[in-house]
Amino acid sequence: MTSEILHRARELAPVLRERAPEIEANRTLPAEVVELLRGTGVFGMCFGPEWGGPGLTSMEQTEVVEALAHGDASAAWCAVIGANTGIYANFLDQQVAKEVFPRLDLVVAGLLQPSGRAERVPGGFRLSGRWSFGSGVKHADWVTSGAFLYDGGEPWAAPGSKHAHDSRQFLVPRDQVEVIDNWDTTGLCGSGSCDYTMDGVFVPEEHTYTFATPQGRPGPLAQPDSFTRAMCGVPLGVARAALDHAREIAATRYDRMAGRSWAESWRVQTELARLEAEFNATREGVYGAMRRQWEVLAAGGTLDDLTPTERAASPLSWLHAFRNSRTIVARTYDLLQTWAINRSSPMDRWLRDTTVMAQHLVAQDRILQSAGAYLLGGTPEFGISLGLV
Amino acid sequence: MTSEILHRARELAPVLRERAPEIEANRTLPAEVVELLRGTGVFGMCFGPEWGGPGLTSMEQTEVVEALAHGDASAAWCAVIGANTGIYANFLDQQVAKEVFPRLDLVVAGLLQPSGRAERVPGGFRLSGRWSFGSGVKHADWVTSGAFLYDGGEPWAAPGSKHAHDSRQFLVPRDQVEVIDNWDTTGLCGSGSCDYTMDGVFVPEEHTYTFATPQGRPGPLAQPDSFTRAMCGVPLGVARAALDHAREIAATRYDRMAGRSWAESWRVQTELARLEAEFNATREGVYGAMRRQWEVLAAGGTLDDLTPTERAASPLSWLHAFRNSRTIVARTYDLLQTWAINRSSPMDRWLRDTTVMAQHLVAQDRILQSAGAYLLGGTPEFGISLGLV
Amino acid sequence: MSAVEWAGPPQDAAEILRRARQVAPVLRAKAPEIEANRTLPADVVELLRGTGVFRMCFAREWGGPELTSPEQLAVVEALAYGDASAAWCGVIGANSGLLGNFLHRSVVKDVYPSLDLVTAGVLAPAGRAERVPGGFRLSGRWSFGSGIKHSDWVTSGAFLFENGEPWAEPGSPHAHDSRQFLVPRSAVEVVENWDTTGLCGTGSCDYTMTDVFVPEEHTFTFWEVRGTPSPLAQPDSFMRALCGVPLGVARAALDHAREIAATRYDRMAGRSWAESWRVQTELARLEAEFNAAREGVYGAMRRQWEVLAAGGTLDDLTPTERAASPLSWLHAFRASRAVVNRLYDLLQTWSINRSSPMDRWLRDTAVMCQNLTAQDAVLESVGAYLLGRPPMFRISLGLDR
Amino acid sequence: MSAVEWAGPPQDAAEILRRARQVAPVLRAKAPEIEANRTLPADVVELLRGTGVFRMCFAREWGGPELTSPEQLAVVEALAYGDASAAWCGVIGANSGLLGNFLHRSVVKDVYPSLDLVTAGVLAPAGRAERVPGGFRLSGRWSFGSGIKHSDWVTSGAFLFENGEPWAEPGSPHAHDSRQFLVPRSAVEVVENWDTTGLCGTGSCDYTMTDVFVPEEHTFTFWEVRGTPSPLAQPDSFMRALCGVPLGVARAALDHAREIAATRYDRMAGRSWAESWRVQTELARLEAEFNAAREGVYGAMRRQWEVLAAGGTLDDLTPTERAASPLSWLHAFRASRAVVNRLYDLLQTWSINRSSPMDRWLRDTAVMCQNLTAQDAVLESVGAYLLGRPPMFRISLGLDR
């Protein structure tokens, strides 16, 4: 089962590469591309055997994402986000989860950071607000959104909560949100990461959840960081694609001014090798931290059973993957010089894709701050990045 | 007169280079080396014509320091510190200055940051404390030290002062301080930057001063930042020396494994050129900012007449000079590979010298913080680096 | 918005610089349109023409303002502060006045009846020129002809052939000589293949010629000065001001970032960006790097100008000084691009939308760094020169052919 | 302090690793003495011997523990956590067991009557071996013989000569063949020329031999496996664990910096270092870079081991996988050094005194990065290999001679 999804992802990659200009131009995934992704089984890859799903490990998931990103970054981005459905299922009431996800290939999109306002009403909440960067929201089946809770107009927290103001996730059908067509980047264009709004949408209590309380079977995919692990497969897949592309191009070029083939050029040889070294280290850094974490979690442990160094290693490896992949792409672009600049070269797209991607929260300096503060006994700004909830 | 000091400094450089191992081993400048420096006139270079001095501009001073550092970093470091005598003279009562500096080639050393405690007594202060990093203190004639003021045991500030607790500089004869022999680094060894202490030393009022109040002729060398400008000549001189050395060595080496001379090697050609580019930019960055600043100050303006960008440019260029020179040395070391590692290669010493030097306050991140905060309207931690007193 | 009106052509450097600064905001506003057009719109060309940038290199003997290289650089920086593509076409178009120093004196007035005409074209020899009575028949395809669509004249490098055989002048150091060929714009066919996402507006298309007759007197080389000797009548002079484009963009990005940063508040961290160590130190670090890169260019240029203006030649510079110029150009390109990249990251998601100029500057600087002046070949050549070996790319050092 | 007592030689990887970790603090305490001595003091050599590091590569058929490459690497990291020079000599000395796979089976027991003997020497052919009856007469000078002073045997690369003429085996791909020559330590003359300020304690002196007779059966090459085939009987196996030295040092520096940082207070800024964005982000960034460099080594090594242990050869790896190993070693050296340099800066003046280990680590990593495995020649060779061209430095790829 595992290898089947990976196999299909690899088979789909060249198709995605071909459709990349169309995906870009569309500024969100074309419906047909969504169906192609669905056909690989990627959207269901996080559902465990208890759901009849394939239950891929985080390492296996990341490999699938890398394979898709080797084809197209936006498609892979939407795939990894859509694949989180099976992770959210672990935090919902299990009966409700079965109802909202009658099939394993439905897509949930949305912004998890609490940005909206949920007023308590009988049986649930009335939800309003505006959420940014809702990647894949246009083709989603459900939308999950973070929001702060209010009761009678006042900020509300559960008795004994460690927060002054509690927040939760709210799952609503896609047709209840209004998408604002404001995703207008030149990188990762096809992710359709638009803002969306809701105004007084009723959400029943049982469609709300938090990542602090798993309700499904405990396990490595019922952890507060589960849904961020495989994202870095996107930059890694793009970087690998760029390196492969560069090796292929370099093998065919001749430098007339210097009177030697590129394959004989110190510049090309050393830079290509240096970038391989950096890519390998970056990628192994991700998988190494992930394997260690999985080992502990699969044995029934929690993130607290990791040493601080091991625990910090995961979010740091993701950030590192985003940043180094982007650097590798930029340097590969320079390696190919004017062979990179034309829109017909995938380097042009990859440069823009990795640049935009690297602005995502998981690659921001605050991750460094939080991990460093955690290691030093200081105050992390963004504890959730370490699974500190 | 100007060109005479520079000329002598250049002539002295090879002598200093030869004595470098001895200077290192001695962990402070040998007396004979101090006299060689004195002979160049460097200790008097900041005294203006009104003192019968040569009145070198900051640019000219920096060139002298670069020339000495081309020979030996520790000697140049002590030279630029000793040369500040002529700058301190601008902040002392002019009659007192003439008494304490009867000749123009005396050396003042000491730590300016307020670290000690000065209790007000009739006619002056009783000064106690421990000061760190007193470069050149062993061969100094006078010692200047920052200290906080106390009156009747209580922190004291002048009426109307913007500080809660005022500090001042205290000038004492060298024999009144106790030097602690704790300078034990492997870089910049010869600077003898030992701690020193004083315990209840009486300092008459007229031997105290602050950089906020020039008492000599106003001008570019009577500014709160005057004494930090030429320091970056030390790393710049070392980096230039390393580049010259590498070019010389590279021109003679043959790579047997590759079957080509180093002069024909892409590795050597491109790296040497890249380092020249970085060195030139770094150095011109210093002189460009300095020239602009001098132009404004020499016309009777103050630092406030510079645009914020121009004002920030000076301390940033110094930091940049320290850091980039060190990087250039480290990369030159790598360029020469095993030809750099033996103690007989100056690269070994330069690597250690520039590493230690780069820990000086002028090269620390807080300079970046202060300049950035200044440009953004935030709060500089260390305003004096921008001449904000 | 485009209604910038001036009374007649500018007379001196100060006036050209003033006008360049004045059009910069107009260019900034037109940037999306410039991008979309993939070559400079006609009204933008006229805007540039009005600043005097196209005439800035013309020697006084032809009635030109003859800006020094540092003055030219400042003009280019000012234009690039508005739009990179426009500045790029500005500095390329300004080559007309430089070519005037190498053309036969007899034809300069005919070729350039106005000082505001634009010359475009590719100098590296790529075509083939067959000697015929009175001149040559020129054919070939040249790549990256920035600004060619709005140009008046096109200059192109080509190898010389006589009766189908490679030809070199007796005593030439080369086995096969090349020259520049100046033809009217109408003589060339433009290939519509400039399709980048950076520096889009330069219209740096390929162009071809087939059997175009070029009279002998419309040919020249950069090794034979026919005008009055001057610091601008040097083989490297047309490369000097190009790096004003990345420098102008980097300055614009620094100013933009400072402005944005001063207004942002980080809710997660609970402090304003102005009080954030991250923002403070990174902004300061980038100022330091930018200043150094920029002063590196001006410093090398001033020293070179000083020697040349005193009647010296490039050979009167020390090897280190001579190497400093091409190295400073490369460094300016690369450092400016790094500054833009890091500012993009500094502003995080405030950079990614197409409405942010950071998005465009990122693409512009990535593409411009692929220009020959910013390639490793320059490092290799300068390094070889410093080590006493023959450099491959000699013109960047102004080395005699 | 040096009284570390163990009951007999260790029997397996876990025990060797445990002992290595146990001696690390002792080595750290002795580091100043090791430095000052410019070669390992005798008691430090015995300390290492006691850990079993020198025997760790011996195959089971010789009674050795036959650690896998990842296990060896972990041992080296653990030693380097204590002292870089000691770890360097540890991994070099451990070559005895690897050479056992290439020596004639008949002599292994004679040469290594104990598994704890140390082999030092320089593998790159630098000397000259003249064929004589029964063997060779060897002369030459070899550079950088780390650990030679305390070694029992010395192996040296040399070119073969017959009657004064360069000699190659019929069918050899080389015009001139070379081999390794194993001689007792007493046969070589050590030149006292190791005078660095980093990695001081390795005593990596030059050594010479003049006309030393080496019997045929004490010669070997890395292309002919004479022991049982195994993942360690490969031409590249002696290079694999060396990068444990920089990795161990970098880990030590990271831990040291974290410890120091947790206790410092910045009076000028008015906050503890633990709450400083500068310290937090830089420490985290360096953890990320270290982890990646280290996992890069283990990842490539695991994949290689998997293939070799299944009976495959290096040719069964994809080119990308095969290139990954030497690249990961180089990267480990360079990244570790960068981590140390940046931690030195992070701690500012808390690093500069000789009493801080940062001072030593700075010098150690600077010198070790000049080792061939960390030089650009590796990048060049691996790049050439990936592009289908003949690499210069073949052994790092385990390419057949």
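Residue numbering begins at 1 within each chain, and the chains themselves are lettered A, B, C and D in the order written.
We take it that a residue touches a chain if its C-beta (ideal position, glycine included) is under 8 Å from a C-beta of that chain, and two chains touch if they have at least 3 such contacts.
Keep in mind it's a predicted model, so treat the numbers as computed, not measured.
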Selected pair, greater C-beta contact count between A-D and A-C:
A-D
So, comparing C-alpha centroids, which chain is the farthest one from chain C?
D
Whole-angstrom distance, CA centroid of chain A to CA centroid of chain D, is 40
Between chain A and chain B, what distance separates the C-alpha centroids? Give it in angstrom.
50
Counting only residues that touch at least 2 other chains, which ones in chain B make the list?
266-267, 270, 365
Residue numbers in chain C touching two or more further chains are 276-278, 281, 376, 380
Under the stated contact criterion, what part of chain D meets chain B in this complex?
143-144, 193, 195-198, 268-269, 278, 341, 344-345, 348-349, 351-355, 359, 362-363, 366-367, 369-370, 375-377, 380, 392-393
Chain D to chain A touching residues, read off their complex
258, 261-262, 272-277, 279-285, 287-289, 291-300, 320, 323-324, 327-328, 330-331, 335, 376, 378-384, 386-389
State the interface residues of chain D toward chain C in the complex, per the touch definition above.
276-278, 281
Name, in rising order, each residue of chain A that touches chain B in their complex.
265-267, 270
How about chain A: which of its residues touch chain D in the complex?
247, 250-251, 262-264, 266, 268-274, 276-278, 280-289, 309, 312-313, 316-317, 319-320, 324, 365, 367-373, 375-379
